[in-house]
Every structure is written in C-alpha cells, then in structure tokens.
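Take a look at these structures.
In what comes next, chain A is part of two complexes: it sits with chain B in the first one and with chain C in the second one.
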Partner chain A sequence: MARLVVLGGGVAGHTTATFAAKWLGSDHEVVVVTPNAKWNWIPSNIWVGVGQMTKKDVTFDLAPVYAKAGIDYRQAKAVSLNPEGSESSDKPFVTIEYTSADKAGETENIEYDYIVNATGPKLNFGATPGLGEGSQLGEHTVSVCTADHAVHASEKLQEAIEKMKGGTRQKFLIGTGHGMCTCQGAAFEYIFNIEHELRKAGVRDMADIKWISNESFLGDFGMGGLHMKVGGYVVSSKLFAESLYAERNIEWLIGAHVSKVEQGKVAYELLDGSTGEETFDFAMLIPPFAGVGLKAYNKSGEDITDTVFAPNGFMKVDADYTPKPYAEWKASDWPRTYQNPTYKNMFAAGIAFAPPHLISKPMKSPNGTPINPTPPRTGMPSGIIGKAVAHSVCDMITKGENAHLHEASMAEMGAACVASAGKGIFTGTAAAMTVYPVVPDFEKYPGTGRDTDYTFGEIGLAGHWIKHILHHLFIYKAKLNPGWTLIPE
Partner chain B sequence: MSNEVKIVKEEENFQKNEQYQLTMIPGAFARRLRTCVIFQFIRFIIINIKMIIVVSKSH
Partner chain C sequence: MIKEIIKYPTPLSVEYAVDVRVFNNELFALIDNLKDTINENNLDALSAYQIGSFYNVIVVKDDNDEFVEMVNPRLINHKGRIITTESTAYYPGKTAQIQRFETISVVYQDRNGNDKSLQARGDFSVRIQRKIDYTFGATFVQKMSKEEKEKFEKSLENGINTTNADYCPTVFFRDKILKLINVVMFFMLLPLVASFFIDNEQTLQTLWSYQLYTIYGVIGLNIIYFFYAQYEGKRYVACSSCQLGNIVGTTAISLVKLFVITVASYFLLHVR
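Coming up: the complex of A and B.
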C-alpha cells in the first residue's frame, strides 16, 4: 500500500486529492494536510466583500467530504519536508503542526511515498510596510483574499456607504499593494463591484474611486495583456480595460509600487522613478504572494531548502530556471509535469510551483525597483495541473515509478476567466474571457503570442450568469456530489 | 442653426478626466445590449460553446 500526501486543500490540492482517491480506491492511502476546516470558493469572495454573499455561501466543511472520499484529513499545516528520510529511516516524511482546536500546536511526522505540494500562496502583507505583518493583514486596508477578510471588507464598505449617505465624500483606492503583486484580476473585479454597489445604494456621486496597480498598462493582468478580435480588428485588452474605467469614471494610476501604507495614505514609486502619495478612506490592496515558507532537510538534517524551493519560497519543478533576458523567453521554459527535479516522488501544483519567469514584460524604475506583475496561476490552470499531477502519481503507484508522466503546460493550456463587474440577475455584468494559451507562445503564434480564435473577451449579463453558475457548479464539484468528475476544472 | 446644447449622457465622461479622453466609451446602444436579456441569452450560449472548446483543448 502506497501513501500519497497532499499539502493544501485549495483548488489544486483538493483536485489532486479527490481524483487520486477515486482512481486509487482503497488499495492505497491519500492524506490531505490543510490548515483550514473549511473549503473556500475564493473567486466568490469578491461578492462577500460587497455584502452580496455571506461566508457560508462560499465555504463548506471539509471533514465530511474527505470522509466520504476515503481521504485521511489532517487539519494541520506542513512545516518541513525530509525527502530523504532521517538518519534512522530512509522513508521520506513531512512534519506537520495541527491547527484544529483539539490538537492545536501538536506536531507529527507523516511518512509518504509521494507528496504533492499545493500550499498556494503566503499572502505576504509584510512585504510592504504598513500593509500588514507577515501573512497578517494590517489595520489600514482591507482584503478579499480569504472569506474572513472579505467579511471584514464588506463591513468597512457598509460603514463608508453610511458616511456617504450622511454627506461625507469617500475616496476608494483599490489595486495592488506592492510592485511585485499578481492577482490584478481579483482587484479589478472588486473595484467594479464596489462601483456597482455604490450606484445601487445611490451614493456614487459621493465617491471618488481610483485604481492603483503595478501593471505597466491597464489590462495587463499579469499575462502581458491579451489581444482579441473585435469588429474586424485585433485589439489589445488595454483599450477595453481603459474603456471600462472611463465609462465607470474610475481613475487609474499604473506602474506603481506601493512602498508604504499609513492610516488613510499610501506612498508609491512609479516606473519613471517619481514618487507620490495617494489618500484614501477605504482601500483594498492585494498583497504580493510568496511560497508558504516550507523548509527541507536532507538525511543528516542539513537544510536543503534552497535545493527544493526557489528564493521566493515556491517549489522548483521541471521548468527551465536559467536566467534569460525577456527576448529569449520561450514557451518551453514552462513546466510540463510539475515534478521536482531532485526528488522524483515530489510534485507541486497550482500557485505552489515556482514559475520560470514572469509573463509580463519585466520592468524596473530608474531606482532599480522592480515594478511588474508576477505570473497569475488562476483557478482553471491550478485545477488542470492538480488533476495532471494526480494522474502521474496514480500511474507511478500502479504502473511503477518510471510510468509516463502526464503533462499540463501553461504554454499549451487555455484559461477561461469571468471577472465580475457587478452582481444582479438582470443588472449584473461580467467580463467573460478566454485566453489560449495562458503563457504566450510567440514561436507558434507570431504577433500576439496567442490563438486569436480562442482568445476573446466581452462584457455583459451573459458573463454574470456564467460566473453565478460557475459558483454553484464548482462548489457542487468540490463537495463530490453525484457526477462531480464530469464537471471540468 | 440652433444654439441648443446637445447632451449625450454616455459621452460626458470624456471630459471628466484627461485619462479618459484617448479611449473609447460605449454608446447607449452598446450599453443596452449588455443587459438586454434576449441578446445576452444568445451570447450566453455562444460564450459557453467557446469556453467549452478552450477547456477541451486544455485537458
């Protein structure tokens, strides 16, 4: 009997663990180590953050679902990996620390045959002075990255709405809280949902809304933007993004590295090296992401974290990490199997794997401050990678360790993304987008780097309906309800 | 020639900020289409088909 340990029960880890448990049956063991008792459909946190959904609507208890799937669930966080075992045993193990109320703080070593790191991001608020400490959100701004953060954001939004109703103007500042952030899409959704809610509440004319981000142009989204066919033209996402901001009267400040946050004020540096300040009454700034800080030790207990993880804390996989100038970046730099090059029984899926480089063009201010979006790994790629990794591990277990590995390169897969711009069955809108492939391949698609037959975007009520259906569909799937395997990632 | 002021509501934002002047802003028809249930129902089907194709090319 082999044991697969999956670290992280988010989009990627949940997909890996549930498919592996289904394919392996009771002949082998699947263990999930994840610190939260609840699963969270993160994309809908946006709607929690504007009071249109509750925490309960976007979360559910993991324990009964894992019990149904025959998965051994440990409510704990992984702390370190010993991929060579210890001096007394060759069996690799992971050290975990329990977070459940009954065992909080207790540690345990869990031996494994295969391990998948799907621990997602550390929300690195501490990277910007005043934005927070470590992974803890600070007191000056709000966040929608977790369901609890979103509940808090919604309360603050209601307070701001009350102030506007009482005649006090409010300034909203939404975007990224550091020059190296990703996840611009989430901030984009939040700013348009706020604008929509303020109109509904009849206080839009009392609000100044401003976007601040590290993108060098609006509509970059960490993917270097995208081009799509519209009205016989092939146009950049920049034009559509700017159009939407202008239509909704939302100003933008781009190419900005937020260097400090204080009560009601952020300091920033721009790509041209100039600095400035922006005031706010309400701010939601996405933190930069880093790896969750797992350590790794060899058989004799020496620290080998640098061998297993990249400096940003994400796990090294089969990518080409050789530093190269932008002009030499290739689609083939991106990983295909997500296997760790040193330890073949170790994989990373979703945000936890270290990308070879950015997707957007790297940029620096004259002062040397990098100001560019880091690559997004959104829900669909995270799910597809999680499933491919599950497939590979199951084959290695059932067919032998030299079994052919399944591949899921982000340079060969597309992503469908629906960015909400306001909720409402007849009044809502969302930008429905697909990109193919996620990582542009300029050798295959000279010009835009993508297949413009499958890269498109449009805004409307249809997008909102799709977003709403996806909310229910993915929660249904994650709960492993009948037919769950038929719903694609 | 009349001196009447011609107000087109959708175009007013062009003047609200210099940033907005060099982009495009949808007119009344394009805006109405976004929430027109019949048109959006058709778009819903088309977008779903396109997304299914992209999803199937990615697995």
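Coming up: the complex of A and C.
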C-alpha cells in the first residue's frame, strides 16, 4: 500500500486528493494536510466582500467530504519536508503541526511515498510596511483573499455606506498592495462590485473610487493583457478596461508599488521613479504572494530548502529557471509535469509551483524597484494542474515509478475569467473572458502569442449567469456530490 | 523610407498591436520609416500601427518640434481633464471632440531598450495619448463619448467598423423573431385587461381558447428563435461562443414572461 500526502486543500490540493482517492480506491492511502477546516470557493469571496453572500454560502466543512471519499484528513499545516528520510529511516516524511482546536500545536511526522505540494500562497501582507504582519492582515486595509477577510471587508463597506448616508464623503482605494502582486483580476472585480453596491445604496455621488495597481497598463491582469473578441470586434483588454473605468467614473493610478500603508493613506513609488501618497477611507489592497515557508532537510538534517524551493518559497518543478531576458522567454520554459527535478516523488500544483518567469513584460522603476504583476496560477489552471498531477501520481503508484507523466502546461491551456459587477440575474454588466493559452506562445502564435479564435470576451448579463453557475457547480463538485467527476476543472 | 498611411475605410490592420521584445535593425528601420512618413506628410505624430506594423511603437514631435521615439509606451499617471478637438491621419478631414488628460506620466523604452519616462502636458500630452491609443489597436473613436461617437459614425460613409473577414454583426435577423414574440405577448395582455369588463362566461371561454392557440404559437416562436439564433451565430466565425449564454438566457426570460401570461389567462379567462 502506497501513501500519497497532499499538502493543501484549496482548488489544486482538493482536486488532486479527491481524484487520487477515487482512482486509487482503498488499495492505497491518500492523506490531506490542510490548516483549514473549511473549503472556500474563493471567486465568490468578492460577493461576500460586498455583503451579497455570507461566509456560509462560499464555504463548507471538509471533514465529512473527506470521510466520504476515504481520505485521511489532518487539520494541520506542513512545516518541513525530509525527502530523503532521516538518519534512522530512508522513508521520506513531512512534519506537520496541527491547527485543529483539539490538537493545536502538536507536531507529527507523516511518512509518504509520494507528496504533492498544493499549499497555495502565503498572503504576504508583511512585505509592505503597514499592510500587515507576516500573513496577517493589518488594521488599515481590508482584503477579500479569504472568506473571513471578505466578511470583514463587507462590514467596513457597510460602515462607509452609513457614513456617506450621513453626509460624509468617502474615498475608496482598491487594487494591489505591492509592486509584485498577482490577482489583479480579483481586485478588478471587487472595485466594480463596490461601485455597483454604492450605486444601489444611492450613495455613489458621495464616493470617490480609485484603482491603484502594479500593472503597466489597465487590463494587463498579470497576463500581459490580451486581445479578445468583444461583440465580434477585436479589442485589447486595455481598451476594454479603460472604457469600464471611464464609464463608471473610476480614477486610476498604475505602474505603482505601494511602499507603505498608514491609517488613511498609502505611499507609493511609480514606474517613472516618482513617489507620492494617496489617501483613503476604505482600502482593499491585495497582498503579494509568497511560498508558505516550508523548509526541507536532507538525510543528515542539513537544510536543503534552496534545492527544493525557489527563493520566493515556491517549489521548483520541471521548468527552465535559467535567467533569460524578456526577448528570449519561451512557452517551453513553463513546466509540463510539475515534478520536482531532484526528488521524483514530489510534485507541486497550483500556486505552490515556482513559475520560471513573469508573463507580463518585466518592468522596474529607475530606483530598481520591480513593479510588475506576477503570473496568476489560480482557479482553472490550478484545477487542471491538480488533476494532471493526480493522474501522474496514480500511474506511478499503479504502473511503477517510470510511468509516463501527465502534462498540463500553462502555455497549452486556456483559462476563463468572469469579473462581475454586481450579482443580479436580470441586471448588470459582467466581463467574461477566456484566454488561450494562459502563457503566450510567441513561436506558435507570432505577435500576441495567443490564439485569438479562443481568446474572447463579452460584456453583458451572461457573465453574471456564468458566475452564478460556476459558484454552484464547483461547490457541488468539491462536495463530491453524484456526478462530480463529470464537471470539468 | 516613406510609407503609405493607412486611411479609412481600410481596416487599420488584420494583426494586433503587440509589445516589441527584440530591439534590432527591424525596429530601427521602423522608427526611421515613421519619421520619414511624418516629415513627408507634415504630421506631428504617428504610430507604427498606422503604417501597417503591429508593434507598439510611436514617434511624436515634442513642443520643440523634436522627435521623441517611444517603444512600448505606457501611460501610468494623469492629472486634470481637457476637451480637445482632434483630427487623425486615419480619418482624413474629420474632427471630433475628445476628453483627454491634461498632464500625463509615461514610461517607455528607447530604440536600444533602455527604460525612459517623461511627463507631458498640453498639446504634447494629447499627441502622446492619441498615439498610445493606436498601440493597443484603437483610434480616437474609442475615447469618444457615446453622443460624439454616434455623431462621428453618421459622418462616415461605411460606419466606424468597416467590414472585414473578422466581422460579427451587431444586429441579427434573430432580433426580429424576438421582436415578434414580444409584440404577440403584448397583444396577449389585451384579453386579460378585457376580462375585467366581460361577464359572459362563453366569451371568456372563447378568449381562453384563442389565448391557448397563441400560447402554443409563442412557444413555437421561442423554439425557432433558440435554434435559428445559434445557426445564425455560427455563420460568423468572429462571433464568440458566449452568445450561447445570451441566447439561452433570452429564451428563458421570454418563456418566463409567457408562463406568467399563461397563468394569468388561466385564472382570469378559464376558471373565473
């Protein structure tokens, strides 16, 4: 009997663990280690953050689902990896620290035959002074990265709305809280939901709304932008985004690295080297992501973290990490199997793998501060990668360690993105976009690097319906309800 | 080399504007061609897109009439707004009122790939903004207000979006079917109103039977709409598959309306 340990229970980890448990059956063991008691459909946190959904709507308890799937669930966080075992045993193991109320703080070594690192990101609030401490959100701003953060954001939003109803003008600052953030799409969706809610509450005229981000142009979204078909016409995501901001009277400041957050104001540095300050009454700033800080040790207990992980804490996989100038970036630099090059029984899925380089054009200020979006690896790509990794591990367990590995390169997969502007079934204007491939392939598709037949967008009500459908469909799938395997990632 | 400036109604390009990744002789030649073309045509600025290149490159004359070469320009910050009357070489002889930023901060690269930045105000700022529009595949039309755009479109013989292979119409025949459905359903409301003024049971039953035939008819029209709309969408490769969502939704809304009318008819005409 082989044991697969999956670290993390987000989109990637949950997908890997549930498919592996299904394919392996009771002949082998699947263990999930995740510090959270609940699964969270993160895209809907946006609606929690504006009070249109509750935490209960976007989360469910993991324990009964894993019990149903025959998965050994440990509510704990991974602390370190010993891929070569210890001096007394050759069996690799992971050290975990329990976070559940009954065993909080207890540690345990879990031996494994295969391990998948799907820990997701550490929300690195601490990277920007004043934004927070370590992975803890600070007191000056709000976030929608977790369901609890979103509930807090919604409460603060209601307070701001009450103030506006009382005649006090409020300034909203939404965007990214560091020059190396990703997830611009989430902030983009949140700002338009905020605008919609303020309009609904009848206080839009009392609000100044401003976008601040590390993108060098509106509509970059961490993917270097895209050209899409909107209503049959080819439009750059820059024009698409610019028109949305203009129509809704939302100001913007881009190419910005937020360098410090204080009560009611942020300090920033721009790509041209200039610095400035922006005031706010309500700010939602996405933090940068980092690896969760897993350590790795060899058989004799020496620290080999640098061998297993990239400097940003994400796990090295089968990517080409050779530093190259922008002009030489290739689709083939991106990983295909997500297998660690040193330890073949280790894989990474979702945000936890180290990307070889950015997708957007790399940029820095004259002071040397890098200000550019980092590659998004959330949602659809996370699910697809998680399933491919589960396939590979299952084949290695059942067919032998030299089994052919399954591939899911982000340079060969598409992704869909729906940015709502409200939650209405009959009113609203969501932006629905698909992009193929996520990572541009300049050799295959000269020019934009993308297949414009499969890269398109629509503004309209259909996006709201799609978002509603995805919400229910993916929670249904994650709960492993009948037919869950038929729902694609 | 002097290049021909693409002018309306020729579509600007079949390609899409993209960033320059390699700084080589091809780029230098492109920049020189832009300058030659500006001088020949007595212009103050030109984007590579306007002479048929898909690279994000613009050449703009500053307030001292000196050329500023900008590769991969990005407008990152702005202050103030002004309304300007603009013309562009793409629409010869046409002008339009456009809202622009008064002062802008731009980052860009020079021909050797070095990072540069500048702040511009007034006419120079407007010229740069106009050309940056082109780098992402647009013209000043996309910056017009709705009213200005409608006015401008009327002044163009072939409309703003000139026909090409990638064209997806914005008005379909299926919209006529939808209009017919809505008109029929509007007339279905009339017997409901009339029922409040009719006491004769037999007349009400007759109206109900007519209403029933109409209900079947509207269901039929919805089925026709649903399938024809998909057929029509597929005739144009440029029409995205997201249309399916809108078609399903439109049909669903129409059927919900019909359901409400049917229920009201049943109680007001049939079992009253």
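Note that the second predicted complex is superposed on the first by the 483 of 489 C-alpha atoms of A that agree within 3 Å, B and C clash if a C-alpha of one lies under 4 Å from a C-alpha of the other, contacts with A are read in each partner's own complex, and residues count from 1 in each chain.
Please note the rule applied: contacts are C-beta pairs under 8 Å (C-beta built on N, C-alpha and C of every residue); 3 or more make two chains touch, one makes a residue touch a chain.
All values reported here derive from a predicted model rather than from experimental measurement.
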{"item": "Superposition-derived comparison: chain B or chain C, residues of chain A touched", "value": "C"}
{"item": "Contacts of A:Met380 with chain B and chain C, given as first, second, both or neither", "value": "first"}
{"item": "A:Trp465 touches, of chain B and chain C: first, second, both or neither?", "value": "both"}
{"item": "Partner chain in contact with A:Tyr326 - chain B first, chain C second, else both or neither", "value": "second"}
{"item": "Chain B versus chain C as contact partner of A:Gly414, first or second or both or neither", "value": "first"}
{"item": "Which of chain B and chain C A:Ala432 touches, first, second, both or neither", "value": "both"}
{"item": "Partner chain(s) touched by A:Thr342 [first = chain B, second = chain C, both, neither]", "value": "neither"}
{"item": "Touching partner for A:Phe456 - first (chain B), second (chain C), both, neither", "value": "both"}
{"item": "Contacts of A:Pro488 with chain B and chain C, given as first, second, both or neither", "value": "first"}
{"item": "Which of chain B and chain C A:Leu239 touches, first, second, both or neither", "value": "both"}
{"item": "Contact residues common to both interfaces of chain A (with chain B and with chain C)", "value": "239, 242-243, 426, 432, 456, 458, 460-462, 465-466"}
{"item": "Interfacial residue positions of chain A with respect to chain C in the complex", "value": "216-217, 224-225, 227, 229, 231-236, 238-239, 242-243, 253-256, 270-274, 326-327, 361, 363-364, 366, 426, 432, 442, 447-449, 452-453, 456-458, 460-462, 465-466"}
{"item": "Contacting residues of chain A [partner chain B, same complex]", "value": "239, 242-243, 245-247, 249, 251-252, 380, 384, 387, 412-416, 426-427, 429, 432, 434, 436, 454, 456, 458-463, 465-466, 488-489"}
{"item": "Residues of chain B touching chain A in the complex", "value": "10, 13-14, 16-17, 19-20, 22-26, 33-37, 40-41, 43-44, 47-48, 50-51, 53-59"}
{"item": "For the chain C and chain A complex, residues of the former touching the latter", "value": "15-19, 21-23, 54, 72, 74-77, 105-107, 115, 117-119, 133, 136-138, 142, 161, 166-170, 236-243, 245-246, 249, 253"}
